[in-house]
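Have a look at these structures, which come just after this line.
Two complexes follow with chain A in common, the first pairing it with chain B and the second with chain C.
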Partner chain A sequence: MEIIVPKDKLKDIFENIKERFTVFAPQKDGDKKLLSQVKAFKEVDLSILKTQSSLKELLFPRFEILFDYKWNKKEITIKEDNVVKPQVVLGIRACDIRGLKVLDNLFSWENIKDNLYLERRQKTVLITQSCLKPDSFCFCQSFSISPVGGEGGEDINFTELSDCYLFRSFSYAGEKLLKELIEEFSFSLPADKDKKAFEELKEKTTTSKIANIEELAIKIKRNFYHNLWKDISWSCLNCGICTYTCPTCHCFDIVDESNDREGRRIRCWDSCMFSHFTAMASGCNPRETKESRFRQRLAHKFSYFPENLGIVACTGCGRCIELCPAGINLQKILTKLGRECS
Partner chain B sequence: MKELQNIVKALFKEDKIKSVLGYVTEDYFYNVKPVKISKIEDSEKLTFNPFCVYNLVTYLKKEKDFPLAILVKPCDIRALRVLLLENQLVRSNLFIIGLNCKGIIDKRKITTLFHLEISQIESAEILDRNVKFKFNSGKEILEDIEKCISEKCLVCKDRELEGDCDIVVGEKPAYLPSSEDFLEVKELEALSLEERAEYWNKAFRDCLRCYACIKVCPLCYCENCFVDKTTPQWVAKNYEIGTLRDFHIIRAFHLAGRCIDCGECQRVCPVNIPLRRLNQKLRKILKEEYNYTPGKENEIFLGSFSPGDPDRFL
Partner chain C sequence: MFLIYTPFTAEVIDIVKETPDIKTIRWKPLKNELHFKPGQFVEFSVFGIGESPFCISSSPTRSPLFECSIKRLGKVTTAAHKLSPGDIIGIRGPYGRCFPLEELKERNLIFVGGGIGMAPLRSLLQYVIDNRKDFGQITVIYGARTVADLCYKQEFLEWQKVPALSLILTVDPGGEDENWQGEIGFVPTVLEKVNPKPDKAKVITCGPTIMIKFTLATLTRLGFAPEDIITTLEMKMKCGVGKCGRCNIGRVYVCKDGPVFKYSEIKELPNEF
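Up next is the complex of A and B:
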């Protein structure tokens, strides 16, 4: 379903949604670009192309309590208290939606359901915004993502046309929401000129594109011991920026925080870039060098993950390039791997 | 640039070094990368421009392939001095090439100035109080220096390289900033306790615990960092505000008497936490109480004692 929303009516839509859902949207806080809860429309900043932290944080938070427990000499009591409220995420981009697709596959892999993630996912309505001006870090088209959005995964997508917004729905929940909005505000359906304008924008918007990404799956495996790994990982500092801002990275750690009477079990993010990630109690560490950790991250994204779950675990959002403290450029590395490996 | 490349080439030819740590530019002018070059023909790629922000001394922490040459800016040399004082490096293993520096451009600042146009910058040159940007289109823009260069460069008054370097290249800056020292710290000190707590809680709240601040610090060289220690555990694994605050305060404290203000921790932070301010506070106390500036003295601060040291906090 498609509708046309005049530019000044966006605020009314926001107010309407806000009454029923907790709303998250990109917002500026000083020089930070955050994806956080918004209470008033003026806090929403749709000009932000990419928030520093990706959409994954709202569904797979940095840390969450799995359960609390108490014990005495006789018994142990466990308390699970995970209330998930319905939420709307507004103004995110197509690359982050692809990131969720990756996480969806993972958190329900071979019917092992991660209920915490899936429940949040089910109660989240995603309203994406078309990218009309991708930056030089973006390369989502390499993964057949359209920057304009609408490949599925989101509930609603909206595109800024010259004098209005075009809203399109892609799911039952999205269609339902649009129908409610039509009833409330009597929005019109798009005219031919709007459709044409949209098609033109879609055609015009492009990002960098890396050829033959799917070939990397086998190339990386074949060249596990290639010299270039040392070369490309030399400047890596082994911090966790690329993994923590990545919309698809999903490794976590589970720890107990307890004293002699009570405690809690929490799940928190972890990163394959840290040497302690693979350190074992015996003192052995299978990925001791920075080169091996760097290779692991790329191999997981472009080789092991697609092999096991049928989808490349990169969305071309470019956050890792933009934020890398050592100037490592994933686009360049992928091109180099494609060129120099057989 | 030619001067720098020729020096490195000569060093390779004379077999004085095995490799050099330097900077190269990739595609866009502003995209500078730290590199380790081990072949004489690659030294042609070496460059130095106002985007060479990386403190290459960080890469010496894990380096085993000596002797090598390293490019250092005046702020980086201070880190090198501390590492040498703390016996982490052997001076004769290094050939230090000093780079006279007029300031380093803060990418965040110019991204707010030029937005997407940043990729079209063809060159940038610092002229006294202005920065001249040339764009692909031929357009030239003159911007005020304060709007473009890093916070740390605005207070960097000591740009002496000669004493510690084997060779120094480039021309000395004609203009040095006149900004007052510790300005940001003084601003914070003027706030009430509650306001300060709110300021820092808000700053730490977004911390991802990516530990980039630790990994990039040239002076954080512990084999086993406190954040990784599990028996006993120093810092909990969760992301509650108290934990995040503990983590950042411990990190800053481990640099007390050592932090040389290269500003790298603040530059790399993906969520823009003003980390430099924590360390600046420590530097301010050191300056006021002991008249000690890390990276300038010939003694380790915590390893020295004078009967006249103030002990008001004991």
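Up next is the complex of A and C:
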């Protein structure tokens, strides 16, 4: 379903949604571009192309309590208290939706379900905004992602046209919400000129494109011991920012926090860039070198993950390029791998 | 909400001090039933400290009691060594792929173990002993650095009494004492001397990385096919169910695709062990 929303009515839609859901949207805090809870429409900043932290964080938080426990002499009581509230995320981009597809596959892989993630996913309504001005870091079209959304995964997408917004729904929940909005505000359906304007924008919007991403799966495997890994990883600081901001990176740790009577078990993000990630208590560490960790991250994203789960674990959002303190550019690396490896 | 990360509780029943730094902890679930096969592991929680993966070192034929043999190395293992009977621990699992029991049937079995690496082999060995008629000749080669470092000493006598089972014990040179009657030498060297025949045989091996490396070379020299050599890998793990990412090597996750692998499968993976 498609509807037209006049520009000055966006605020009304926000107020309407806010009454029923907790709403998350891009907002600025000084230099920071956050994806966090918004209470008032004026906090929402739709001019932000990409928030520093991706949509991943709202469904798979960097820190969460799995359960609490108490002990009393020889007794232990475990209390799970994971209440998931319905939420709406507004103004995110198509690349982050692809990121969730990667996580959806992982967290239900082989029917071993991570309900903490899946329940949050189920209770989240996703409203994406079309990218009309991708930046130089973006390369989502390498993965057949359309910057104007609509490949499925989001509930609603909206696109800014010259004098209005075009809202399109892509799920039952999305359609239901649009119908409710029509009833409340009597929005109109798009005219031919609106549809034409949208199609023109869709044609016009392009990002960088890395050729033959699918071939990388085989090339990386075949060139596991190639000298080039040392070359492309030498400037890496192993700071882990690429994994933290990545919409698909999902490695985590499980740790206990406790005093002498009670404690809690926590899940928190971890990173394959850190040497302790694979260090065993015996002293053995299969990925001791920076080069091996760098290779693992790329091999996992472009070879192992698609081989296992049928989807490349990169969305071309470009956050890792934009935020890398050592200037490592994944677009250039992928091009180099494609060019120099057979 | 059902969470795959929540353990069930179990009670510590008994503790055996195997060596100066290895203890076998015998435990029993308080409410749950646990069905597992040799080679599988559990996530073992010491509440307040954390959880770590350990193989079940006893055989399912000897449940409802379960055992984990734990070497004191890090935070969780040190805490586990401080447990006493009656203490409550947490268990998740069983996880992972077990030894290919059907394929082992009617074969001659050669167990090659080193140090704490004997723990998963012992689960299978007990299982084989308890189903003795299903299997052929059994050879057990087990070594440790010193006599004091050999685990399961109190079971050696039981193993030696099993029909058609030969137990060869060895210690590294310098690790013997005045009463030592076994072999002296590294496990792969002793294996070469024992010279088992590859015909109708399967080898099951586990131990320190360096021992496995030389054992595989020796077995290849003795004519064993990679499909007939089975080992169980060590890798850092957390979730146990293929989500957290750390035990990933090539396309496999050691926690869910292993920890038991055939040598033929390992050869296909990148060399990251």
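Odds and ends about this structure:
Here is the rule we use: the second predicted complex is superposed on the first by the 341 of 342 C-alpha atoms of A that agree within 3 Å, B and C clash if a C-alpha of one lies under 4 Å from a C-alpha of the other, contacts with A are read in each partner's own complex, and residues count from 1 in each chain.
To be clear about the criterion, contacts are C-beta pairs under 8 Å (C-beta built on N, C-alpha and C of every residue); 3 or more make two chains touch, one makes a residue touch a chain.
Source: prediction; values computed, not measured.
With both complexes brought onto chain A, simultaneous placement of chain B and chain C is permitted, the two fitting side by side without a clash. Judged by the touch definition given at the top, the superposed model places A:98 against neither chain B nor chain C. Note on the composite model: angle chain B-chain A-chain C, taken at the C-alpha centres, equals 90°, rounded to the nearest 10. Touch criterion not met for A:168: it reaches neither chain B nor chain C. Once chain A of one complex is fitted onto chain A of the other, the partner contacts of A:245 are limited to chain B, with no touch recorded for chain C.
Shared-chain residue A:121: touches no atom of chain B or chain C. Of the two partner chains placed by the overlay, chain B and chain C both lie in contact with A:255. When both complexes are overlaid on chain A, the residue A:52 reaches chain B alone and has no touch with chain C. Considering which of chain B and chain C touches more of chain A, the answer is C.
In the superposition on chain A, A:326 makes contact with chain B only, not with chain C. Of the two partner chains placed by the overlay, neither chain B nor chain C lies in contact with A:301.
Once both complexes are placed on a shared chain A, the shortest Cα to Cα gap between chain B and chain C comes to 6 Å. Shared contact residues of chain A, touching chain B in one structure and chain C in the other: 253, 255. Contact residues on chain A toward chain B in their complex (touch as defined above): 30-32, 34, 52-53, 62-63, 133, 135-136, 234-235, 237-241, 243-245, 253, 255, 257, 266, 268-269, 271, 274-276, 290, 323, 325-329, 332. Partner chain C is touched in their complex by these residues of chain A: 66-67, 69, 71, 74-76, 78, 80, 82, 106-107, 109-110, 112-116, 119, 221, 224, 250-256, 258, 260, 263, 265, 267, 270, 272, 277-282, 284, 286-287, 292, 296, 300, 303-304, 307-308.
Here chain C touches chain A in the complex through residues 1-7, 9, 47-52, 73-75, 77, 86-88, 90, 209, 234-236, 238-239, 241-246, 248-251, 256, 270, 272-273, going by the rule given at the top.
Every residue of chain B that touches chain A in the complex is listed here, in rising order: 26, 28, 31-36, 54, 58-59, 62, 108, 112, 116, 119, 206, 208-212, 214-216, 228, 236-240, 264, 267-268, 270-272.
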